[in-house]
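Each chain carries a letter (A, B, C, D and E) given by its place in the written order, and its residues are counted from 1.
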Amino acid sequence: MVSSDDGCTALSIECRQHAPIPLDVSISTRAGELLALIGPSGSGKTTVLRSVAGLYKPRHGRISVGGESWLDTDKNIDMSPQQRRVGLVFQDYALFPHLSAVDNVALAMLDVDSVTRQRRAEELLARVHLNGLSHRRPSQLSGGERQRVALARALARDPKVLLLDEPFSAVDRMTREPLKQELASLHRALDIPIVLVTHDIEEAQALADRICVLNKGNVMQIGAPDDLRLRPRTVGVARLMGQDSIAAAEVLGATHIRCGSYILEVGSVGDHEAGAKVTVLFPADCISISDVGAEHTALANYLHGRIVEIVATGDFKTLLMDFDGLVLRLKVTAREAAQRNLAVDAKIAVALDPEGVHLMRAE
Amino acid sequence: MDWQAFSLTLQLAAWTVLLLVPCAMLIARALAWGRVPMKSGIEALIMLPLVLPPTVLGFYLLVAFSPQSAIGGTIKSIFGSAPVFSFTGILIASLIVNLPFAVQPIQRAFEGIPRNVREAAFVSGLSPWQTMRRIELPLAWPGIVSAIALTFAHTLGEFGVILLIGGSIPGETRVLSIAIYDRVQAFDIAGAGVMSAALLGFSLLSIAIVHTLARRRGTGAHGFQ
Amino acid sequence: RDDKAATSPSAETQQQVVPTVAAAASLRYALEEIAARYTKATGKHVKLTFGATGNLVHQIEAGAPFQVLFAADDKSVKKLAAGGNTDGEPVVFAQGELSVAAAKASPVAIDSELKGLREALAAGKVKSIAIANPETAPYGRAGREALEASGLLKEADPLIVTGENIGQTATFVSTGAADVGFIARSLAVSKELEPLINSASVNPEWYKPINHGMAVVKGASPDAKAFADFVRGPEGRGVLEANGFSVPKS
Amino acid sequence: MDWQAFSLTLQLAAWTVLLLVPCAMLIARALAWGRVPMKSGIEALIMLPLVLPPTVLGFYLLVAFSPQSAIGGTIKSIFGSAPVFSFTGILIASLIVNLPFAVQPIQRAFEGIPRNVREAAFVSGLSPWQTMRRIELPLAWPGIVSAIALTFAHTLGEFGVILLIGGSIPGETRVLSIAIYDRVQAFDIAGAGVMSAALLGFSLLSIAIVHTLARRRGTGAHGFQ
Amino acid sequence: MVSSDDGCTALSIECRQHAPIPLDVSISTRAGELLALIGPSGSGKTTVLRSVAGLYKPRHGRISVGGESWLDTDKNIDMSPQQRRVGLVFQDYALFPHLSAVDNVALAMLDVDSVTRQRRAEELLARVHLNGLSHRRPSQLSGGERQRVALARALARDPKVLLLDEPFSAVDRMTREPLKQELASLHRALDIPIVLVTHDIEEAQALADRICVLNKGNVMQIGAPDDLRLRPRTVGVARLMGQDSIAAAEVLGATHIRCGSYILEVGSVGDHEAGAKVTVLFPADCISISDVGAEHTALANYLHGRIVEIVATGDFKTLLMDFDGLVLRLKVTAREAAQRNLAVDAKIAVALDPEGVHLMRAE
């Protein structure tokens, strides 16, 4: 069973079906945990949220919150969305088109008396920085404004679970920052599980306690952000997490692999046998730029090659480096790039921290 | 001008709308989203009164309502009189005749409400009843107005069935359409003309009012973006 | 075949060959029988259309292809003639009789002097009395006169329900929707209605005679005129009398 | 069973649908989105045939169509015969009577199409005509089906107007509803019953077919998310 | 006039009105230029795109493309959306709900014969990585899948201007990368102006030739990405561009300002008078971490203080540093943070490059 720790598994989701939308997920979160759900487009993230909210019923499934069973297809339990008390931000907002922003929010609090309701709705709108627009209809609001009304509405219900389907996708950085802080403080204040679907890995890493990676309806990996970033189980997870320095390699022994023309030392090859073909990830953390010319060639994991391409994005530059066919990508600050005179076609040398190098099953 | 017939006609139309439209909303909603078994069959059944010539329908109602029949007899034993040749009788007939006019437009309107807007209501904790009152009805408003207008107007003009089961009793069943027909039959073209014009003007007015209402309350209902 | 003819290209000519005749509802059974006999005797057909007299007159004035009109009264044919729509003067070809009738299950006893109706009214057993629209249908006018002459009108008036034409009034009575009614004897004695109702002729002194007028419409074909003559001829008279009409000496 | 009346009725209903629904689509579309001056007035005018008792309408049509009148005279001088008491006449009447049944549901359906879907069509280079054919009509399909069903069914059962202007001429204007009424008046209840049952069965069938069609083509039309 | 360079201003937009949506923009782009439009939620970005597409008509406006006038309210020119030939990705996709994905795309090519049309539609769908889903209806697609259909449809029309309203907001990183590359290669291949509305500054910086910042319907600044990042005209622009190291200061002379308790050397104070209150931005590029303890105190622009907070997001850590009330934010690689033993409450010293320090009007 899932709730092995102390019985207070806050949200536990199990869904299994083949068609029409393939699903095979089993996720459980602790109360007060913020779980980010990421995965390629069409991987079933929205479907999982809808299942939790009671808007989609998987063929086989068990969903429980704080010990209360919301869905159990074996026992024929299926609570209605109303009974489930979730706050859900729809990917496409799904605002009530005939109601003003404040009424959209107030309507989620029908159990409260009408004066309090209006006041609290206004407060919630202020919290998502929509003061002054509360009497506009959705059709008179911009995309980002609509999304924030949807967020306020989801919070209004005092939910037992908060489900956010890309709640910040339509808002700019300046608007998003305070919203994220709202979410973080909410997360601290409320002792409820929050599931956040997002395409922004940084956002997921910054906000989430754990990240769950979905692909084609399957959970690829679930764990702390750094776990997924540094020790992804598959190449897919690695790429989703923004890691691009990936290469094919062969296991040589307990601490060595052959990668292109290099023999590299690694912390551990895990349970890969000698001779096994593997895929290897070099997380940015384990790559450090050395000074070229210094004769460290004897040193383990010292590579030298050439800069193939430099892509500048804002304060950072992404280097594409070729070490005899082993291609690594590294993001450095513009400052460092300037100090080191990094330029296309310039020679470059890097040292790889053996502990950081991560082996995965071959693709 | 037969003012009595005029007021009777209005009463009939008003009662028909008042009684029928709420029922039609429930039926239409069930047909739009409910898991109704034999949906097509039921939809066809609702269309039935539209298909039957009013006099045929009237004849069957006459037979059914007469004090000797099972239905008429039962009603008589309960209410003291059979529904034939009474306001109650023509009201029942009017309800039956107008069923398709009321249900069809409302059903289409309900079907037009995006699924996820209703889902949002469920998730926001609105019971099915609250969802209906606060979300579905306002959004289906233009369709409901259509239904009200069609039903009201059609009742104002209803003739065939009432002709058969009404018996043209002044103040009870002689509605304006029957009164006008009488005038035409009696070659009193002028009298028929006056009453027709009155009916016409009144209907135009009420339709215009209803439509204006529809536009007012419906604003934004089409603003799905 | 009849329906084939109607849809064939020669429908137009066929229609001119077979004249269309319009008649009041009260004449239905008598005229159907006369038409059958006419066909038997001459080998020629007529098409019969029945309706309320008022409608039929409107339709003829508007150019309906009816060639002869047999009305339920004499006023309408005179009106038609005054409008210049007839070929020759209209004539009264039959007189109708008024019957009082009730469904077999009705609580009202039926007799010529309306004694049963009087008792039933006194006992409060009558909920509705059906007559045809007195303004437009002569049998309705006659029914009202009979109630007045018998002194029952005051009690009966609130109970009166009116049918659009005499056919509909008969429907009210035969279905039992109305407890009692005044209808044409020609309908009351027809084989369709007879088994359903009790009926009796109303004392003829209680109402003014009911004259059925007939007019040949302007431009009528010789065949149509021939049928009109046949109705007024001996065979037609016989059928009319057998169906409860009396035929005036011309 | 009066097969001639039956086939005549079908022809009338079919022609009515065929001629009316395309016009209704244009009118409904203009009312839904066009800048129509005096929109409320026009909408009320379209509702008019619904309000007027069929016999009143029939009477006025009778007067208007008669060869002596201006309209009837003009038609006679063009087509060689006045439209009264002919198939053409009852067809024209049927078109007028059914106008509100055809326009209302289609208008509601057009109004329900989200604005930005039409905008997307414009931006994709679809001319107004192509937008109508490829986007608006498919999305308004359920409403159009409603209109077809209402119009078809209503024509099958239409009685009052035809009674007045048709004159019950076999093969030309004696439609089924009139034939049934005739049987009822002749106390041939069995004959009326058979014909009513036939009419009923046929209508139920056609409505069910039309509704199934609606569901088929309409799938996804309500999938606005 | 705008087209001063060589007459080939590809797209020029001028819109002015007060209500209901305040607008006062004047933007012109060169052919083949990719212009990113950024700005807070509700600033009018969508409205500008709609105006260009002919779906919104500003009170006063002139819009022309390649010399052809699309809108000129003075001359009463107002071409229909059909005539304008734009490719537009709607913020909310606006797919045709009754058509399959491939038909959605094909419908934008009605001028092409039907066989070619189907083939090209399938090609376009493949280009946005939707192979295999081409016969699904929008309601059977996930959010990101829908968005990509919308992108394919916008490309289908062989447009003269491409308008993209947050075309990647609903797709994950792995799906987005190739899409961005598609866009970049399209941008190189097509000689048409592209206007991209986005909330992702990195995306804007990576893809755009120039960035235009809107706020409340006004153009705040328009220029090359680095221009905006390093020399924003206002604090708003700076923050939108992700720059958070901002402080109040006073101009002392031509090359010096007072900021908190420090007197800092700057490259230039621009046209700010001595004594003027200004707001000063320290772009990340001009901040370098020095070794603490080394006695550089005499050196200009050498600050030392304390690390107040470290926020880890993926490969990076954001340091919040306090130098006697002057608060600076700096994003460093996790590697650098480890090497330097950066930790909360640890002492830290930084040097500020005088050339990088940027002065703005006081807030």
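Methods note: contacts are C-beta pairs under 8 Å (C-beta built on N, C-alpha and C of every residue); 3 or more make two chains touch, one makes a residue touch a chain.
From a predicted model like this one, the values you see are computed outputs, not experimental measurements.
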{"item": "Minimum number of chain-to-chain contact steps, subunit D to subunit E", "value": "1"}
{"item": "Maximum centroid distance from subunit E, chain identifier (CA atoms)", "value": "C"}
{"item": "Between subunit D and subunit C, distance of the C-alpha-averaged centres to the nearest whole Å", "value": "35"}
{"item": "Chain centre separation in whole Å, for subunit E relative to subunit A (CA means)", "value": "23"}
{"item": "Inter-centroid spacing, subunit D versus subunit B (mean Cα positions, whole Å)", "value": "19"}
{"item": "Computed distance of Cα centres, subunit E from subunit C, in Å", "value": "90"}
{"item": "Residues within subunit A bordering two or more other chains", "value": "92"}
{"item": "Interface hub residues of subunit D, defined as touching at least two other chains", "value": "59, 114, 116, 184, 222-225"}
{"item": "Two or more partner chains touched - positions in subunit C", "value": "55, 58, 168, 171"}
{"item": "Complex contacts: residues of subunit D adjacent to subunit E", "value": "114, 116-117, 119-127, 130, 134-135, 138-139, 219-225"}
{"item": "Partner subunit D, residues of subunit C touching it in the complex", "value": "2-3, 5-7, 11, 15, 20, 22, 25, 28, 47, 49-51, 55, 58-59, 61-66, 167-168, 170-171, 174, 190, 192-193, 196"}
{"item": "Residues of subunit A defined as touching subunit B within the complex", "value": "53-55, 80-82, 85-88, 90, 92, 94-98, 107-108, 110-111, 137-139, 153, 156-157"}
{"item": "Subunit B-touching residues of subunit C, taken from the complex the two chains share", "value": "52, 54-55, 57-58, 79, 103, 105, 127-128, 130, 133, 135-136, 160-164, 168, 171-172, 175-178"}
{"item": "List of subunit B residues in touch with subunit C within their complex", "value": "59, 62-63, 65-69, 81-82, 84-85, 163-169, 173, 181-182, 184-187"}
